[in-house]
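Next, two complexes with subunit A in common: one pairs it with subunit B, the other with subunit C.
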Partner chain A sequence: MWKTILRRIIIMIPQIIILSLLVFILAKFMPGDPFTGSITPQTDASQLHALKVQAGLYDPWYTQYAHWVVNMFHGNFGTSYQFKESVMTVIGGRAINTLWLSLFTVILTYLIAIPLGLLAGRYEDTNLDRGIMFFNYVTYAIPLFVFLVLGLWLFGYVLGWFPSGGSVSLSASGAFGNILSRLYHMILPGVLTALLSTTSTVQYLRSEIVDQKHQDMVATARAKGVPERKVFSRHILRNSLLPIAAFMGYSITGLLGGSVFVEQIFTYPGMGQLFLNSISNRDFSVITALVMIYGILALFGTLLSDIIMSIVDPRIRIK
Partner chain B sequence: MTNSKETTAVKTPSNLKVIWQEFRHDRLAMFSLIFTIVLILVIFVYAASLNLEKVTNVNIFAQYDKPGQDGFILGADEGGRDGLKMLVIGARNSIMIGFAVTVISSLFGIIYGMISGFYGGWLDNGMMRIYDFINILPEIMIIIVLVTIIPKYNAWNFIVIMSCFMWLSTARLIRSKALAESKRDYVSASRTSGTNDFMILFREVLPNLSSIIIVDTTLSFAGNIGIETGLSFLGFGLPDSTPSLGTLISYAQDPDVIGSKPWVWLPAAIVILVLTLSISYIGQALRRAGDAQQRRG
Partner chain C sequence: MGEELLTIDHLHTSFKRGTKYYDAVDDVSLKIHKDEILAIVGESGCGKTTLAKSIIGLHDLKRTKISGHIGFENQELVGASPEKFDKLRGSEMGMIFQDPLAALNPLMRIEDQIQEVLDYHTDYSKSKKHKIVLELLDQVGLENPERVARQFPHELSGGMRQRIIIAIAIACKPELIIADEPTTALDVTIQAQILDLLRSIQAQNHAGIILITHDLGVVADTADEVVVMYAGQVVERGSVSQIFNHPLHPYTRSLLKSIPQADRAGDRLYAIEGSVPPLTKMPHDGCRFAPRIPWVPESAHEKKPTMHEPEKGHFVLCTCYQTFEFENGEVV
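Now for the complex of A and B:
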């Protein structure tokens, strides 16, 4: 098993290199340089030129790239034009918000998807199953942003049950009140996103259970006289649920992509909103750092999933 | 009675016939099919009769007219433009972009997947590595970055950028099917008799994948409409001169508009919902028709 894991990690190294090259090329195509933000009418042109030479902006691209990568390993992504602060500080403040919202969404997704998948698989071909499959088709077909806008309008404006934006209300007092207010702000975006993220888990769990139901070991268990409930909880569930846990890493890409929409619509101050905000303010050092971070997070997510899968499912290891 | 059934079962019904049977037995699928065709026809015919410049002209006196006021059936938006006409033009643009992206990305995905799956070996390995890598990329962010840094940005650039990322699922699906097909006897038989690979791939393997391709293309059409409108909603999709359904919904980002002037954005949201839901449902019915175990007809 260690061999599989090691091989999987080695595969990741070229991926990270290509990702960084790609982001570097994109960054080079973006207009402006690290000094664009600090230019004022009083700036001396020759001094600016000297600064640029010193920063290595006239070096050949491979030197610049090496420089950029070394800085990145030190956590130095440069300075944001917009906030006049180091990029890491700017992102750090937002990352924690995105982390909480994503965690909340993932937990909700599984809380909704697992019972639905189990029920659909167990009561295959009943009206319950058909209902769940219809729900699944709807969540698959609806674009996330339309669902979010409609949900915000209905529950945030028409019914007024939930706040329409932000991550915490200003009137929240005390540590406990603060946490409650944060949770309250996460409910609507979290639930709406989670509802639409259930599709693949429900589908997978259902077909897995339907498959398992017809396996010999299940027939044997039934023949031995094991009660139906126990057949499900002990024989079928154990085999079907484990891969679901492994999917969590794969879902990171989708979650982060969705965060751009969720945070923009709910004006939730996370990384996705920061990204759009930086795009409209042409704050390219922040954009570069965010694309790189999102890419690396997705890479590690899939790495994690692949490793869990290889532990859970020995067949993958043999290859 | 059993006798007559057996004699009719001997003849394998054609693909089209099976699909027809499936739609006839699934009322909702039939309804979706007719509804989608009629809706798209109405949108295109109505949009063709409109003059884009006249429709997008700003008329400040009609700003935020309520539905029914001044003869605007669906009211007017911030610039006093007719909500219904904007909706029709936006819907036409979204459908056309979605269609173009689907054609380009599906074609590329089908060819990529067929070559990868059919040849296997190191070629397949390499192609799948590329696939894996692109799959991991934060596509929404990269599309947005590309849209902002491309000079002379227009709808065609947008179609190409979107297609760069939308072929992945098709390629994956087609690869797995082509891999299975390439091991079948008819392929080896054809190869032994001297047919070249190109002919085997496109004349013999491709027809066997046709029902999967039809299903996949239908579903990605619905998906691409969703992604295009989503990007336009954020302001990084179609350029400002070409309104999309997403552009219309983006007015809802104004807290006053979303709460108290729903006629500005709600119709566009409903059109997207109806379009994606019905096209996906057609796709699902087609999938059932292609899979004998799931058929309802």
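Now for the complex of A and C:
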């Protein structure tokens, strides 16, 4: 088990190197430079030149790349041109916010999706199943940003039940008050996103269950005299959850990247919002750091999925 | 021959297609005794598996109608409750499936899969169940039972997996074992071993075995009694020597003729024209095999075929057997 994980991590090293090269080259291809935004008619050309030299922008690309990588290893992603702060500090605060929101959303998504998929599959072709499938098609058809804006308008503005933006109230006091306020701010974006993220899980689980029901394995279980209820929980359900488990790693790290839509619409200070913001301000150091982080997260997502699979499915265990 | 174990009378099993029900098993009657191996033969789609599933209650009753009579040890199984079937299955009836990989749960250790039968039918202690599992594994001819018990299905070969399925089926020493094409998915050398195993289990447990197969070689080797099915009906039934030495029904004779034989190597293999009609297009009147022997005049068939008993214990459907000969005049 540990050997497998170690091997998977070693395989990730070349992947990360390639990723870093790609990120660096793409960033260099972007038009403009960090000083483009601050140029005014009064800017002294020689002063600008000096700044660029100081920033190392005239060095050959491999020197710049080496510099960047070495710094990255020291946890130094450089300084944000926009915030005039270390990139790690800028991202750090946002990452925590995103982590909480996405954790909340993922848990909620599975809490809604798994029971729905399970009921639809178990009671296949009944009105309950048809109702759940209808819900599923509706949530699949609604674009997330429309749903979020509508939800924000209804619950945040018209009814005023939930705050319409931010991650914590300024008036929150004490550690407990702080946590409560954070939770309160997460409810609306979390619930709305979760409602629309259930589609694939519900669909997968339902069709897996319907499929498993007709497997010989299930007939064997029935032929053993196992009561129907137990046939479902011990044989059908366990096997049906495999693809869901396989996907779990991806969806956890995927959501850690933060949803650009949710954070932008709810002005929630997370990584997604920061990403959009940095692109429009050409804040290279932040962009490259974020893309690197997303990339590494995606790699860890596949690793996590592999680990989850090897725990739940004995066929995947490698000796 | 032992005492009567299972009696089937005028059994109809029909499936819902659209809004109508169609008979996949049409008026089947047969008997099986203890200590007997009854083979049910016929080509794919003739209702063998449907019949087996009707006996053991594995049909989804929302889409299936079963009528007639199935008597098993003084109990009526047609219309029996799911709870009654849960009690019978595993303890008094065991079933062996065709595909040994698909029939095992890939996520459970072998021991847990065998033990599951004991869980629901006995109140033995954990250590006793473990002991029984090891004995069963030994009985079905697996070496190193301790090791196999801890393994998962994918770690075993096809033949080993089929032995596990058999171990599951016989765990509670059932009176009746239904083996649905137990050797179809295995290669020939393993086939013989599995059939030997079935015979030895029967000798030890005195069970009645229903062996469903389309392989007449398996039947000749293993069975005592034979039931030949075609298009949901029993067309001929008798002892193994009656069926093989003196086949009557044109279908049985065609089946026997289509077995490859070493002494006729090089000849074209006989093939029965056409195929079994699909469920929704099954003719209701007349001899169902008539379309596949078009050279036989209509007058040879009965309008409403009935069972005849030309010799004791040997039954045949329709009168067409009396005058039937193959197109080239050959007699088999």
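Note that the second predicted complex is superposed on the first by the 253 of 319 C-alpha atoms of A that agree within 3 Å, B and C clash if a C-alpha of one lies under 4 Å from a C-alpha of the other, contacts with A are read in each partner's own complex, and residues count from 1 in each chain.
Quick note on the criterion: contacts are C-beta pairs under 8 Å (C-beta built on N, C-alpha and C of every residue); 3 or more make two chains touch, one makes a residue touch a chain.
Everything quoted here is computed from the prediction, not taken from an experiment.
Undergrad: Just subunit B (first), just subunit C (second), both, or neither: which does A:L152 touch?
TA: The first partner, subunit B, only.
Undergrad: More residues of subunit A are touched by which chain, subunit B or subunit C?
TA: B
Undergrad: I'd like to know which partner A:Q215 touches here: subunit B for first, subunit C for second, both or neither.
TA: A:Q215 contacts subunit C only, not subunit B.
Undergrad: With the two complexes superposed on chain A, say which partner A:Y294 touches: subunit B (first), subunit C (second), both, or neither.
TA: A:Y294 contacts subunit B only, not subunit C.
Undergrad: Contacts for A:K224 in the overlay, against subunit B (first) and subunit C (second): which applies, first, second, both or neither?
TA: So A:K224 only meets subunit C here.
Undergrad: Name the contact category of A:R238: first (subunit B only), second (subunit C only), both, or neither.
TA: Second partner only, subunit C.
Undergrad: Per the contact definition in the header, classify A:F29: touching subunit B only (first), subunit C only (second), both, or neither.
TA: The first partner, subunit B, only.
Undergrad: Taking the complex as given, what residues does subunit A use to touch subunit B?
TA: Against subunit B, subunit A makes touches at 11, 15, 18-19, 22, 26, 29-31, 137-138, 140-146, 149-150, 152-153, 157, 164-165, 253, 256-257, 260-261, 264-265, 275-276, 279-280, 287, 290-291, 294-295, 298-299, 302.
Undergrad: Mind pulling up the subunit A residues that touch subunit C in the complex?
TA: Where subunit A meets subunit C, its residues are 215-217, 219-228, 234-235, 238-239, 312-315.
Undergrad: Can you tell me which positions in subunit C touch subunit A when the two form their complex?
TA: That would be residues 56, 58, 82-83, 85-91, 93-95, 97-99, 102-107, 116-117, 120-121, 152, 154, 165, 168-169 of subunit C.
Undergrad: Hey, which residues of subunit B end up touching subunit A in the complex?
TA: Contacts found on subunit B: 129, 132-133, 135-142, 144-146, 148-149, 222, 225-227, 229-230, 233-236, 246, 249, 252-253, 255, 258-259, 262, 265-266, 269, 272-273, 276-277, 279-281, 284.
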